[in-house]
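The two complexes that follow have subunit A in common; it is paired with subunit B in the first and with subunit C in the second.
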Partner chain A sequence: MSVFPALGPLLAIAAGALAVILAEAFFKRENKDHLAFLSLAVLLVSGWLAVRLWGRNAEAFGGTLRFDDAAVFLTLLLLAGTAFVVLMGMRHIVRQRMNDGEFYGLLLLAAAGLVIMVSSGNFVAVFLGLEVLSVSSYALAGLKRGDERSTEAAAKYFLIGSFAAAFIVFGLALLFGGSGTLELTEIAAAGTIPLLALAGLALVLGGFAFKLALVPFHMWQPDVYEGAPTPVTAFFAFGPKAAGFLVLLRLLLPYWQSGFKKEAVFSVLWAVAAATMLVSSLAALRQRNVKRMLAYSSIAHAGYLLIAVLSKDASGLLFYLANYLFLSMGAFGVLAALGRDGVERTNLEDFAGLGARFPWMGGLFAVFVFGLAGFPPTGGFLAKFYVFSAAVREGHTALVLIAVLSSLISVYYYLRVVVFMYMRRSEGEEAAVDFENPPLLLVLFLCLYGVLQLGIFPSYILTFVRRAAESLF
Partner chain B sequence: MIPAGWFLSLGLLLFVLGIIAFFVKRDLLTQFLSIEVMLGAGNLAFLALARGPAKVEAQVIVFFVMTVAAAEAAVGMAIILLVHRRRRSIKTEDLRTLKG
Partner chain C sequence: MSIPILSLVAFLPLAGAALLLFLPRENKVLLYGIALAFTIAVFLFSLPLHFAFDGGTADPQFVERANWLGLGIEYHVGVDGISLYLVLMTTFLMPLALLASWSHIRDRIKEYLFFMLLLETGMIGVFIALNLFLFYVFWEAALIPMVFLIGMWGGRRRVYASTKFVLFTMAGSLLMLVAMFVLYAAFFKETGTHSFALADLLNLSLAPKLQTWLFLAFGLAFAVKVPMFPFHTWLPDAHVEAPTAGSVILAAVLLKMGAYGFLRFAFPLFPEAAAKFLPVLAVLAVIGIIYGGFMALVQKDVKSLVAYSSVSHMGLIMLALFAGNTAGVQGAVIHMVNHGLSTGMLFLCVGILYERAHTRLIKDFGGVSGRMPVFAAFFLVAVLSSLGLPGLNGFVGEILCLYGAFAADKLWAVLAVTTVILAAAYLLGMFRRVMHGPIANDHIRAFRDLNGREIALLVPIVVLMFWIGLHPSTFLRKMDASVAQYVSRIKGRERVFVVKPLAAPVAVEAGRATE
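Right after this comes the complex of A and B.
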């Protein structure tokens, strides 16, 4: 069988990324919109090629590249997320004086890394995808070169990210020595020298905990999210987490069946999930910067996603990620709309009176933070409900109690922004929303639509989610 | 022939030294160097565990890891240079504009 069907989405996006970078290098133009449209076209083509792989279980290179339904589903989510970020960035990079076409090229390269991660059957290919993503992400975080905060974010991200990569490499070596295979679905469960494989698994999980910012390895994330340009932060909040958790699920599903010392690994991850939810929610309470607060909120959401991994709930994980795409992109999109020339307005005080001055924008932001907190009728409620009920069915009631407690704490800090928007008068210079930004408004509209569609009429998407989840078992 | 266990032990030693150096040192460049030592240790462990004709795939991985290290170095050096240009210092304790 030809390799091209399975290779298609990846080939399109990688070639597109290189084309965008070359176009930036050779056709110096002040207006970079043509690069944005090229990127959107590339994402569209790649998405179309991915849709055609649905239900076909296409493989290439002896199973190293494997597009099962879960990979197709997540690829589509990731491409949609990247398209949202491109649209969000079109005006933003001009207004924030970082008008470099590299934004689009690096974004597409990072998206290629994400697609490699979700569609690989071999752990080394997953690692390479992770590094393609990470190296582009370091550069993306530091894209606003004249800004001290952006460079600081890039430096921190780079240092912690490559430290974690070294852990993953060493752990992979030990896993390979212990199990004699590099297949993602076999590596953790097979064990000719179980103790060596266990040590390797511990190092790999530690590396992933760094990359996914699980407590106690989360300290870098608020700094990076705060310093990076807002559209880039939106990308960080969704892409790496979605791909990383699918990899964790693929790695651990067979391991929960027959792994060596699986109870010990389970209880360590149980504790990590509990700590991730509680620590991040408590830390978010004392943030005065909304972008930083959303960074802690994304750590908390990683904790909820880890519950889905622990309770083998593939469909819950995929549905949660579909929701989280719209919620996080929407929330960061409103933040991006508040920026002015060269300055990002992300403090809590900047939101004061926003609801009265810009009712539409305030209402949108309220919908997104209510969704993140898990209120009906948004999709955030259903997503949490599915994950928690699956965990209760598996008997992890204590973990669910901690998760509910953390959600309750989170309601306080989400509501505080809403209170600022509707019940405070702004003092000093008022933050203004620039409505001459059609691409961003399009993103916000699509996110609103997605949140409500998944919350009120979820059955359509749920059939796809269930089929995608079945392909993982 | 030197047994594989010796190579693995050397790799482990280098890895631990890299971790210690990462936490003890206080400037970006040296910390980056200690990460490179850790990646080298990973490569050594791969080679130690991949001895034998059936395990060629693990020896190929070493080349991939080297490529990754080179790409990280390219972007990392650029970032460190950028930090130095803005602040005239690459000490990590000077990187504290972002906190909360």
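Right after this comes the complex of A and C.
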């Protein structure tokens, strides 16, 4: 069997990324929409190639890249997310005066990194993907060059990111020395020098905790999320987390069966999950900036995802990610619609009276926010439902109680935005909403559809999720 | 049944809400017309539930069951004698609540009606769900619209009140959700299959310690909603700030969701644990009765007076439930409906006064009956119904509740009787100060009496009040079988709290005889 099918989605997207960058260099045009359309086409082709891999378990390079069903499923989610970000950005980058074609090229490169991460069976390939992703992400965060916050975000992201990468590389070296393998699924079984391998594993997990912004390694995230241009933030909130959690799941699923010192590793991650949920929720309470609040909320969601990893709930994790795609893209999408030329308006006060002035936009944001808080009938409820119920079945009731407490706190801060939108009148200059932005409105509509479809009639998606989850065991 | 009548009743309001979204927001008459038409249609569709309901069997009727998400999560609805009248009360009161809003909800009407219709779907769903998952979904779905109703159209402290309401409720219901997971997992462990169906979970025998925790989690969610002392503090805030129709629905239906939860889920699912906690719960109920009554006595604001009277009445309903005998449970169910009607009407009357005076402080009124004789008559009926005058509905419920409580424990019953005395004191005292005496100020001189719309919305309630008061068996006989089955299920496993052997049989006989 040739390697081409398994490489298809990756090749398409990497070639597309380069093509977009070249097109930007050679066809200097004021209007960059052609780059957006080219990117969308590339994502579509890549997605189509990925769909064709469903159920085939295609491999390349001796299993270094392996598209099992879970990888295909997540690749599709990631490509969809990237497409949403492209659409969200089309008008946004013009209005925010950062109209550079690099936006699309970097985004596609980052997406290529994500696809490598989700489809790799080997830690070296994971690291490769992670770096492709990270380097493009640093540049994306600083895309708004004239803006201090954006620059600061890029610098911070770069420093912390490279620091974490160093941890991971060093950990991999120790892991390889200790266990003799870097295959994700074999690390658990091997163990010639267990202690060395354990130290390596600890470093690798620490590095991932940095990248996924799990408490206590989360400090950078609110700054980066707040400083980065909003569509980019939307990308950060979904892409890296989704890919990172699938890698964690691939690593830890076999590990929970037969890993060395698995109880110790489990209790550390248990504590990390608990701290992640509580600290982020409490910190979110204090935020006056909605973008920053959503950054903390995305940390909290990482905590819930970690519960799924701890309770071996692959289908719960995948379903949660599918929901989180629509919820986070939707919420950040509304944020992207606010503001005036060159200025983003994301303070709580900017939301005052939004529900009355722009009923549809306010209503959409309310739906996304209630979805993030986990209210039925949105998919957010069902996602939490599956993850929590699996955790209880595995006997992690205490962790679920902490998660529930965190959800309760989160209800308060999500509700506060709604209170501002519907129950306060605006004072001072009112934030404008960008309605002449069909691509963004399309994204919001698709997200609304996704949130409700997954919340009310998810059976069809669930069959795919369950098949994808089976491929992990 | 070929027509899925329950689904129709539950989801027609949702369809109405969806339709409203696409109507122009300026056209008030059209918006109200559509919303009213939908709620009236829902009421008409719900009437066959009463007529076609077979009172001879305890099994759920009009059952619809379909797979929804798999793994035990089904769309499974039905009504039995206990939920039947709660559904009917909801569908009956909704059009009246909308009609009452006509004159005082002036801004953002479209959103207002949207949330009201959404709320109706949530509330009806809670009463008809026979699958725990479905129940939880509706339970939460009924919460959000109420938050908006209080927060957007409420009084001065509306944001505080609505936030408090949602946090109190969510604290309870999230723990209940965890308890549901535990039940689900326990069922899976025992049988190897997944199920959230209430009927399946009822067969589960759980270890006492586990039962205790689960009962506490469910109990907390419901106790907050009822609300039982000491979880009641959200209620006066929510009631005082809510718009009139919001108060009506809150008192009439949302509080019943808590009592209904005890009746349908907490007690039958965890009978041993329930029996263990009954003394505590009974004490809390009695405290609620007395405390609510005394608080109502000293309120300066008419609306918070009615709110505290709710705490007191709900205490009596809970005490009767905890008695766990036929008279008590039947009394609790019928009194839930009565309380819905009488307190709902009291709130409507307070709303009518407020629209004219723009104040609710008792001291600002006086001699209103001179200017509004027709209103005075209606208000008096509401007051008398609420304090349990024979011939009106409140008496039937109260007497059954007290019989039931007496049969179970004389001391509690004696303490609970204070509800009658206190209710007479605070309600008649309020009525005297507001309606009688010399006309207090010039504002009142300018009051106009009820208009046609206001009379139209009060008359149906009064008719029903007399109906239940004079001929309660129309309703009681439909619930006989369900209540009997419930009682035998509770009794079958464990005795109800401190039963004193001498008094019990006599009082139960007396209770049966009056029916």
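Definition applied: the second predicted complex is superposed on the first by the 471 of 473 C-alpha atoms of A that agree within 3 Å, B and C clash if a C-alpha of one lies under 4 Å from a C-alpha of the other, contacts with A are read in each partner's own complex, and residues count from 1 in each chain.
To be clear about the criterion, a residue touches a chain if its C-beta (ideal position, glycine included) is under 8 Å from a C-beta of that chain, and two chains touch if they have at least 3 such contacts.
Just so it is clear, the model here is predicted, and its values are computed rather than measured.
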**Request:** Between subunit B and subunit C, pick out the one touching the greater number of residues of subunit A.
**Result:** B
**Message:** Which partner chains sit in contact with A:422 here, subunit B, subunit C, both or neither? Use first/second/both/neither.
**Reply:** second
**Prompt:** Thinking of the overlay built on chain A, is A:442 touched by subunit B (first), by subunit C (second), by both, or by neither?
**Reply:** neither
**Message:** A:397 in the overlay: touching subunit B, subunit C, both, or neither? Say first, second, both or neither.
**Reply:** second
**Asked** Thinking of the overlay built on chain A, is A:452 touched by subunit B (first), by subunit C (second), by both, or by neither?
**Response** neither
**Prompt:** Looking at the overlay, does A:375 come into contact with subunit B only (first), subunit C only (second), both, or neither?
**Reply:** second
**Message:** If I apply the document's touch criterion, which positions on subunit A are contacted by subunit B in one structure and by subunit C in the other?
**Reply:** none
**Item:** Residue numbers on subunit A that touch subunit B, as the complex places them
**Value:** 124, 127-128, 131, 135, 138-139, 142, 145, 148-149, 151-156, 158-159, 162-163, 165-167, 169-170, 172-174, 176-177, 180, 182, 222-223, 226-227, 286-289, 292
**Request:** Spell out the part of subunit A that touches subunit C in their complex, as residue ranges.
**Result:** 355-356, 359, 370, 375-377, 381-382, 385, 388-389, 391-393, 397, 400-401, 404, 407-408, 411-412, 415, 419, 422-424, 458-459, 462
**Item:** Complex contact set, residues of subunit C against subunit A
**Value:** 25, 68-70, 108, 110-111, 133, 136-137, 140-141, 143-144, 147-148, 151-152, 158-159, 162-163, 166-167, 170-171, 174-175, 177-178, 181-182, 184-185, 188
**Complete:** Per the touch rule above, subunit B residues touching subunit A in the complex are 8, 11, 15, 18, 22, 28, 31-32, 35, 38-39, 41-43, 45-46, 48-50, 55, 57-58, 61, 64-65, 68, 71-72, 75-76, 78-80, 82-83, 86-87, 92, 95, 97-100
